[in-house]
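Shared between the two complexes below is subunit A, which pairs with subunit B and subunit C, respectively.
On to the complex of A and B.
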């Protein structure tokens, strides 16, 4: 069980602008943390610095309070899972799993016992003597995870481990990895650009843009109280409303659904509000609420997505279970719990 | 593609191979078992006398063994020199790549005769090396570098080095860099990463390089002929002597065949010993 602390961690590759820019983050012991962000935002670089594959330009990395910034990768005691698995092609599954223990000069009998335990843990005991080339993608992935865990590392790092798998296997592996992590109780940093992966697996989601942490919090917190429009949009669909202050109700912004309390800017300015599409209720015209017209319907079985337009020309997305068979052009009535509105920070 | 089309497309290459490769081989094979001729390449009748003469004569046996030794030592020397060079050239962050490739290939850019004479200038009793060492007072008499096995190995190592470096380099370039990172994260220090991961994964290239250099060294003619002179002859040189100078075609063919069998056998054993189960 290891607690990880990043303090103003920065990486500048020769001559460029910072790939990771002064990141500060506390990862409590045993937690599953996702670094979530678009390609190129510095997730892999952060992971490489944690693993010791890249030098730190400035800032600190501490495991349980002990600075490991200068400790070489081979002495850092981390388990790493790579996107392309990086198995040793010339070693069998068993030999791959034993490698880390051999490096630690563990006795033959003990290696045998622990490799067997890992094989069972990742459900590969029947494939122990196969070479990686003889395994499917999902099986190779499980070997990679097993290999990282046999050494009982202080932390587990995974870099987009599911990116090369097909959709169905990906969902299975999500559950597999999460269950395993809980069972072992190891502090885990998981890199992904897939918000669904980050949301479903993590205790803590760290949203990154451009080398910075935009927001860190529990999945629910990130989804329901995003700080900025970029974060709100990255973890799900969102309606952004540029609302003027309501002259009639001080301290409130005027929205199509009525006045929403905000931490007010000066009179005459606008605030940005976020509203999740599933927060809106849609009912036939005539029901109490704000009138709107259906512009597009995307039916996908369990849920249906509507694009709606208000009389003033603004558009809004609504996501709901398909209760009424609305069609394009129908007049409807929208209502919303005003507490579902989130005021966003300005981005400059 | 239809079978017929495939056949037609393969036909020109097939004809070329049969006419210029298969027929000469078969012809060498057959003539090795013929009686010597009088003014003809070979005479009437079949015999194994050519082979009993080779195997019964320590001169030829020793020469064949020495030729094999030259092949083996040249292979070893190119491997020892070429392996680190290949690993360096395979680095993705290598600068001046074109220049280094040029240097590696340079032995092949000079004509074989000129290159061999170049080595005689360097290695001879009054050559550059011996003269320099004598002027510095390091030696009294000349070091024997020419007209012996050592000289041949030096010159062959020079010319065949690219055939060792290039296949290894290409194998190393094919290794996924994250495999090395994975080994380090599991606790392997740099030398262990090389020994346990990079070298085994470079094995296909090492294997091809060794086989190429060994076969080329075994069958080379011009360099051993010029450097070895009259004193040290390889089997290939003696084959040419037998055929051109003394016109003993069947005997030359038998010698050539013996060398092929020895060389081919060694390659098979080598390939067997270095077989990679994971490929």
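On to the complex of A and C.
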């Protein structure tokens, strides 16, 4: 069990602007943390610095309070899972699993025992003598995770491990990895650009943009109280409302749904509010609420997505279970619990 | 229909390319005094003559020895050059490649003359086999370089990183991961190297020391004054020797590399 601490960690590749720009993050022991962000935001670079594959330009990486920034990768005791698995093609599953233990000069008998235990853990005992090329993508993935775990590393690092699998297998592997991580109890850093993966698997989601941490928090916290429009948009659909202050109610912004309490901006400025599409209730015209017209209906069985427009021209997305058979052009009435509005920070 | 035409065409090309070899092999079983084809009667007499001919035997020995030693050094140097070229040459990559392949690109006679001058300039000359070996290493190097860099291009650097995260130090990573995975390229390069060395003529002619004639040189000398089927017998045997080496290497080491 290892607690990881990043302190103003920075990486500048020769000449360029920082790929990772002064990030500070505490990962409690045993937690599953996702680094979530678009391609190029510095997730892999952060992971490589954690693993010791890239030198740190400045800042610190500490495992259990001990600075490991200068410890070479081969001594850092990390388990690493690569996007394309990086299994040794000339070794059988068993030999792949044994490799890390051989490096540690573990006795033959002990290697045998621990490889067997790992094979059972990743449910591959029947494939021990196969070569990687003879395995399916999902099986290779499990070997890769097993190989990283046999050495009983201090932390487990995974870089987009599910990106090369098809959709169904991807969901299976999400559950598999998450269960395994819980069982082993290992501190895990998981890199992904897929918000669904990050949300469903993690204890802590770290949203990154452009080398910076935009927000870190539990999946629910990130989803329900995003700090910025970019974070709100990256972890799900969102309605952004640019609202002026309500002259009639001090300390409130005027929205189509009524006044919403906000922290007041400067004189004459507007506030940005976020509202998740599923926070809005849609009812037939005449019901209490704000009138709107349906512009588009996207029905997908369990849920239905509506694009609506208010009389003043603002558009609004609504996501709901298909209760009423509304069609394009219908007049409806929208209502919302005003507590579901989130005031967003300005981005500069 | 079109397929048959293609097949016949391919057959014809092969026949054209291989015909001289069949002529040589056929002529070697000649019972007569002269190098003729078809042979005048069948006999193994020229093979017996050959096995009593110390000069040819020594030439074959020299050729095999030089091919083996040159291949050994060629594989080591060529592999190191290829590793540097693929992983470390950076923006000099193209320059490194051209340099490594230059013995192939330059006329052999130029390389031979340059080496000859150079060897005398630095006082080594051609009194020992050293110069000859250097020449053979130089001429066979590009083949090792090409084969090994091809297998290195297919080498995923994540493998090294994975090994590293599992605790493997640089030399172990090389020995346990990279070496086995580029071995097919090294073996391919070695085979080329051996066969090419066996066939080198110009370099050998200029750089040989007294009494170190390789087989092509000895054959050339012989044919200047003789025209017996013994030359064909020698050629046939050297074809057999080359094929044998290729087959043995393929069987002993080659099979392992197809397992994954």
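Convention: the second predicted complex is superposed on the first by the 347 of 348 C-alpha atoms of A that agree within 3 Å, B and C clash if a C-alpha of one lies under 4 Å from a C-alpha of the other, contacts with A are read in each partner's own complex, and residues count from 1 in each chain.
As a working rule, a residue touches a chain if its C-beta (ideal position, glycine included) is under 8 Å from a C-beta of that chain, and two chains touch if they have at least 3 such contacts.
If you're wondering where the values come from, they're calculated on a predicted model, not measured in any experiment.
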Partners on subunit A (subunit B, subunit C) - clash or fit: clash
Touching partner for A:117 - first (subunit B), second (subunit C), both, neither: neither
Contacts of A:89 with subunit B and subunit C, given as first, second, both or neither: both
Which of subunit B and subunit C A:240 touches, first, second, both or neither: neither
Subunit B and subunit C footprints on subunit A, overlapping residues: 51, 53, 73-76, 78-80, 82, 84, 86-90, 99-100, 103-104, 131-133, 147-148, 151
In the complex, subunit A residues that touch subunit C: 51, 53, 73-76, 78-80, 82, 84, 86-90, 99-100, 103-104, 131-133, 147-148, 151
Subunit A-touching residues of subunit C, taken from the complex the two chains share: 156, 158-159, 161-169, 172, 176-177, 180-181, 259-260
Residue numbers on subunit B that touch subunit A, as the complex places them: 176, 178-179, 181-189, 192, 196-197, 200-201, 203, 276-278
For the subunit A and subunit B complex, residues of the former touching the latter: 51-53, 72-80, 82, 84, 86-91, 99-100, 103-104, 131-133, 147-148, 151
